[in-house]
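First subunit A sits with subunit B, and in the next complex the same chain sits with subunit C.
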Partner chain A sequence: MSLPTISRRALSTHFRIYAASTGAAFRHQTRSLKTTPAYPGHVPLNWFENAFLAAGSAFMALADPRRGDMVAALGETTAGPALPRLRERMLESAEGRRILRDRPRVNSSTVDMDKLAQLPEGSFGHTYVTWLERCGVTPDTREPVHYIDDPELAYVMQRYRECHDFYHALCGLPVSVEYELALKVLEFANLGLPSALLSTAAAVRLTPAKRARLLSEYVPWALRCGARSLITVYWEQRWEQDTKELRRELGILDPPEPKWRRPLGEAKAAAAKRAQAQEMAQAQAVSQ
Partner chain B sequence: MQASSRILRAAVKRTRPLGARQNHSRPQDPSSSTSTTHFGFRTVPEESKESLVRGVFDSVASSYDVMNDAMSLGVHRLWKDNFISLLRPGSKGPIRVIDVAGGTGDIALRVLDFAREKYADRETSVDVVDINGEMLKEGHRRFKKTMYHDTPQVAFQEANAQAMPEDRFPSNTYDLYTIAFGIRNVTSIKDALKEAHRVLKPGGTFACLEFNKVTNPVLGQIYDQYSFSVIPLLGTILAGDRESYQYLVESIRRFPSQPEFARLISEAGFATGGNFEGDGGAWRDLWGGIACIHMGVKV
Partner chain C sequence: MSLKRVASGSTSRVLKQTRLLPSRIHRYYSTPTSSNAPEDSDVVIVGGGPAGLALASALGSSDAVKQNLKITLVEFGDLEKVRGWNMPSDAFSNRVSSLTNVSQNFLEEIGAWDLVDEGRTCGLEEMKVWDGISDARIDFNAATLGLGSSMTAGNQMARLTENLNLQRGLLRHLDQHTNVSLLDNTKVDSIHHDGNDADGWPAVHLSNGKVLRARLLVGADGFNSPVRSYAGIESYGWNYPTHAIVATLQHAPRSLQPNTTAYQRFLPTGPIAFLPLSPTASSLVWSTRPALAAALKQTDPLVLVRMINAAFRLPEVSLRYLHDRILEASTAGAPLTPSEITDEIAWRERAHDIHEYSAYASASVDPVSVNIGIPPEGAELLPPLVENIQPGTVASFPLRFNHAEAYVGEGRGARTVLVGDAAHTIHPLAGQGLNLGLGDAECLARCITGAVQRGGDIGSHTALLPYARERYFENHKMMSAVDKLHKLYASTAPPVVWARSVGVEVLNELDALKAGVMASAGAGPGPGRGDASWGMAASGVEALVGGARVVTAVRDGVRAVGVGALQQLAQSLAGRSR
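Then we have the complex of A and B:
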């Protein structure tokens, strides 16, 4: 829904009203320090609200997997000490420190898709763009962070969320549930976020055959992958790097062969058609 | 020519009454010339409140009933049943009822069921009025599951409670005007009350069920905590929409208190009970003031 830009005051979730009984409703209104938003979109929560949202979002994410915002909320409310640990990891490496300094974001305005598509085949940038087209996704669907209090940790969380697609592209896995879960196991082993482990509860939604394959092939693969913390990788500076070499550097082994819904050639054709349709729509809009 | 007109203008100026102050003001600040009102805890220009409220209800319409049950833990049903049993529609014969801000049809359905079950009354009719088309659609959908669908007993109309068109809502037509959990969302309560007064017949009843001020401090604290902690989170979890539910709980706090609202009602031309709570009083608190029923009779 669209509301005009919400002022910070409106995002308060706590206040105390010292109301006179005659109904002069707001004689005195105070707000505890903890409730001032620390960044745009920040919703401060106390321990009870945090627990409530964690439980509610866990339930809702399982009941309705299309609620990406609930998966995001679950991640944020259960992050706990894992986020400071990730920040430490980033501060320990030069590349991670560069990420914390630059705070790059991943969306269709910061990532130049056309430029990446022109990179040589086999380079990471090219692989990423091909993967996006093949799965029919864009990098714009990530929910912003709301429930982390420290702005830097909120950025770390946002970065984690936005890099998820890079892991997909690097490992060459599609977006179906079983491959998402395989990646979640990889993320948990690599980064240690509790929500990655909690997400594997979604395995109950898989058919028995897929679940068996997940457990027998993908989980061991994920656990065998290397220990270099993926959060310290400055992906945007590695577009030209060869994908295989990048995998070797990070210790990511080749995953078991996934079953793609669309063959590569067909995906390219579909992407080209979509681009054409978009161009025509834009031209029509301009001429009107 | 210019000199003479200047002299003329100066002469005109001097004829101003002595008491009038020279108006040396700077050009009026544009923001101060538009009046503002509250939208929850925000202050917004008056003209935009209506569309902001519309935005809220467009967004909550499809999950409105589910959210009501979740937020009030089902208690809103008790309050509405209480409301109807106080009004006893149909007890004095078939009546014409107008249910304003009645969107999803909770009150309308209860009125018709009460009249039918207690008094075998199938002539009482309810006009459900709401400013929001989405809410009316939900109401229409709900009524399709009942026996009143496609009968003259229920009609759905889209209109603004503050300004109901006279051709569709002629004066002195209705015996009972109900507004449940709606009046706190109108921009000008006084205008809504004026319209209520207009469309009611003399002797007709005005009845309003609304969230109000809790007088007990302990209950008040618990209620505040619940409202501001749990309800927006329920909105986030169930409907994916925190802001609308934040608005809803804030708008409750902005509503005038029970005596204040009773005063507004009597100023609009209704005869109310005494300025106290309970039987014979102008209002009745439900659950310690969390909800409250105000009634008046058009004189």
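Then we have the complex of A and C:
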């Protein structure tokens, strides 16, 4: 065998090992780069593309924090060994295993808002629905995962993203920047994802007063919370559980009192779109 | 010495006939004392395992030795069981070793190989080894590497033989052709130094009351060797944190290739190896953590079958999860049932996107139906799906590394020599343990024959030194290489995994080097094919020249492109300026 073949094979090992550490090594492809998508929406990247996207999305997320897709891309490209560690944490706990088997998704079609609103006051389901209304957001705005190669790790990332709102509801924090940052610190301490730490760089966008409050009150609170890994909690099976009891079980302390703003327009816009779609469907049915 | 023996024998015979000495019957009720006339034997071999029997065979088949030396072999167990060992042709014993071509040549030369049932052995033509974490592969093929003994049909790297088959063949050879006296069902009670001076012979006190004085005492008696402790030879070593599970596996015959390929996957808990014995039966050697080995031995055999299939196929993270579940269940007192483990493995296969038509599916397919017809793509990279385990063949034993500080005793322990497991114990991952023992036996037999031909004292230190010189370093090299390999593949740190995977993949491309590795491990050609080293050198030169040729072509190409580009640039500049 000639030397160029040797060096090409040796270089391809690097990609194969990286893929192997994410569990996708059994696909013995003859090409040295994996370019076929592993799940719908998968965009395979090589190491240079990954690094470039990480740098670019970091810059864009800082420049415009409302670019949810850029924040998501930053999270996925910088996840590294944190996702396999999270998967192992889930495999070790019985509840986490159930999540990996069922692969539940959180969006307005899988979460029955009306049923949750009817739950008793103080239960987690009721708290969640109340929080959604108070902040004016819906669970539909989460970007799907694109840049993780292993399908199971992609699900873990998706689950992490979709559970972020549950953390908000559990702690009772609104969606402004300073409370988001406090939650990011809590997530980093609990789950270990590098993007959570990187997101705290957005503290430069806060006023000095808010930054001081964040550092002196919220960061210590966040670091003291959460002995149990939050990724192993099967939230959909805990709607009826009392919120205070749930907080105690997970080790979440009461946060400093937040300042609530007026609700965002997201929920209203989504409701309006739904109503419009329903009207158009009715009009079509009538005309036929 | 022989005069003394005749005198004592005739004296006791005369005394017995005149009834002044107690008769034989009374003797049975007396405890053995030093007043028992010790019997002299030139060579006493303690231990009737493969190494001891091979040494006895080799000595017994050499004419020089036969005419001059009296050889006795002492064995604790019942050799009649080995002589009468008989198994149906589709059932195999669970202790199987791979005999290298060098070992096989040795057995052929002493004439014992003809008495081994070759129909129960299997020639190994290919070996596929891969990393459990990164899937980096190295494949050895006897045909392309030019390996194989000139006396065997076809190419083979090694011959997989049941240990009992080999022992039975050696015993038959001893019974039929040699005059070695075999004392089986006899335990060595103690070994004393006979006489006060340094020239005293070792005296072996046996459980049947006899005392054997040996000119040369050979210890072929395994890890806890009484001969080694008599000789005062220390040994250094350690227990590996692994136990090996062995079993005989049953599976369907392979559809597109014969079952002559050995597979080994290096998991972080230890390597799992699949060794073919026949088209439908193969042997398993799985080194894993002691707790896991115990748990797997206790479960339903079908659980072990599923785990074996998964251990060759699933990514390492899922295997770790399955191991944890098995340990958890067995410590809770409720071992997993076959349906539970099938469900877990099927879930992990779904999680890794292994669809049911992939070669990597094991729990989501029915092996009985999937092993018929054209196998899925990539099936030749994996062993066949195991369907059953032959009942009663699951066993486990601890693994250790051990090497005696010397092979030849000195001072108060003079006239002793160690062969086989008494001298060294090695990890089974390279299949070398038995072969090192046979190599020892061959070398020692040659040393003894040489000493006899020169009229020397076979028990003297100078006669035995060539044996120690030749074998100690060879054995040590092999043992430390295997030990380092085991430790290298036990690591899960990413830089180590990357380094070993790149190394293995580069080595996989260099056929000449692979042939060299196999040859040093004993798979080299037989005595008739001595030009293999030149063949390897030739293919090495080819690779280098081919590489150099490609480099020159690339350089010329770049130069041409560069020149062409410069020309175009000059033209365009000239064109623009015009």
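In this text, the second predicted complex is superposed on the first by the 228 of 288 C-alpha atoms of A that agree within 3 Å, B and C clash if a C-alpha of one lies under 4 Å from a C-alpha of the other, contacts with A are read in each partner's own complex, and residues count from 1 in each chain.
Everything below uses one rule, namely that a contact is a pair of C-beta atoms (placed from the backbone, for glycine too) under 8 Å apart; a residue touches a chain by one contact, two chains touch by 3 or more.
None of these values were measured; they are calculated from a predicted model.
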Partner chain(s) touched by A:E88 [first = subunit B, second = subunit C, both, neither]: second
Which superposed partner A:G265 touches (first subunit B, second subunit C, both, neither): neither
Partner chain(s) touched by A:E152 [first = subunit B, second = subunit C, both, neither]: second
Contacts of A:P208 with subunit B and subunit C, given as first, second, both or neither: neither
Touching partner for A:P120 - first (subunit B), second (subunit C), both, neither: neither
Footprint overlap on subunit A, comparing subunit B with subunit C: 1-4, 6, 9-10, 13-14, 17, 21, 23, 25
In the complex, subunit B residues that touch subunit A: 40-42, 48, 52, 55-56, 58-59, 213, 215, 224, 228-230, 232-234, 236-238, 240-244, 246, 250, 253-254, 256-260
Subunit A residues touching subunit B - in the complex, by the definition given at the top: 1-4, 6-7, 9-15, 17, 19, 21-23, 25, 43, 46, 48-49, 52-53, 56-57, 59-60, 67, 69-70, 73
Interface residues, subunit A side, partner subunit C - complex: 1-6, 9-10, 13-14, 16-17, 20-21, 23-26, 28, 38-39, 84, 87-88, 91-92, 100-101, 150-152
Of all residues in subunit C, those that touch subunit A in their complex: 133-136, 313, 315, 317-318, 320-321, 324, 347, 351-354, 358, 360, 378, 381, 494, 497-498, 501-502, 505-506, 508-511, 543, 546-547, 550-551
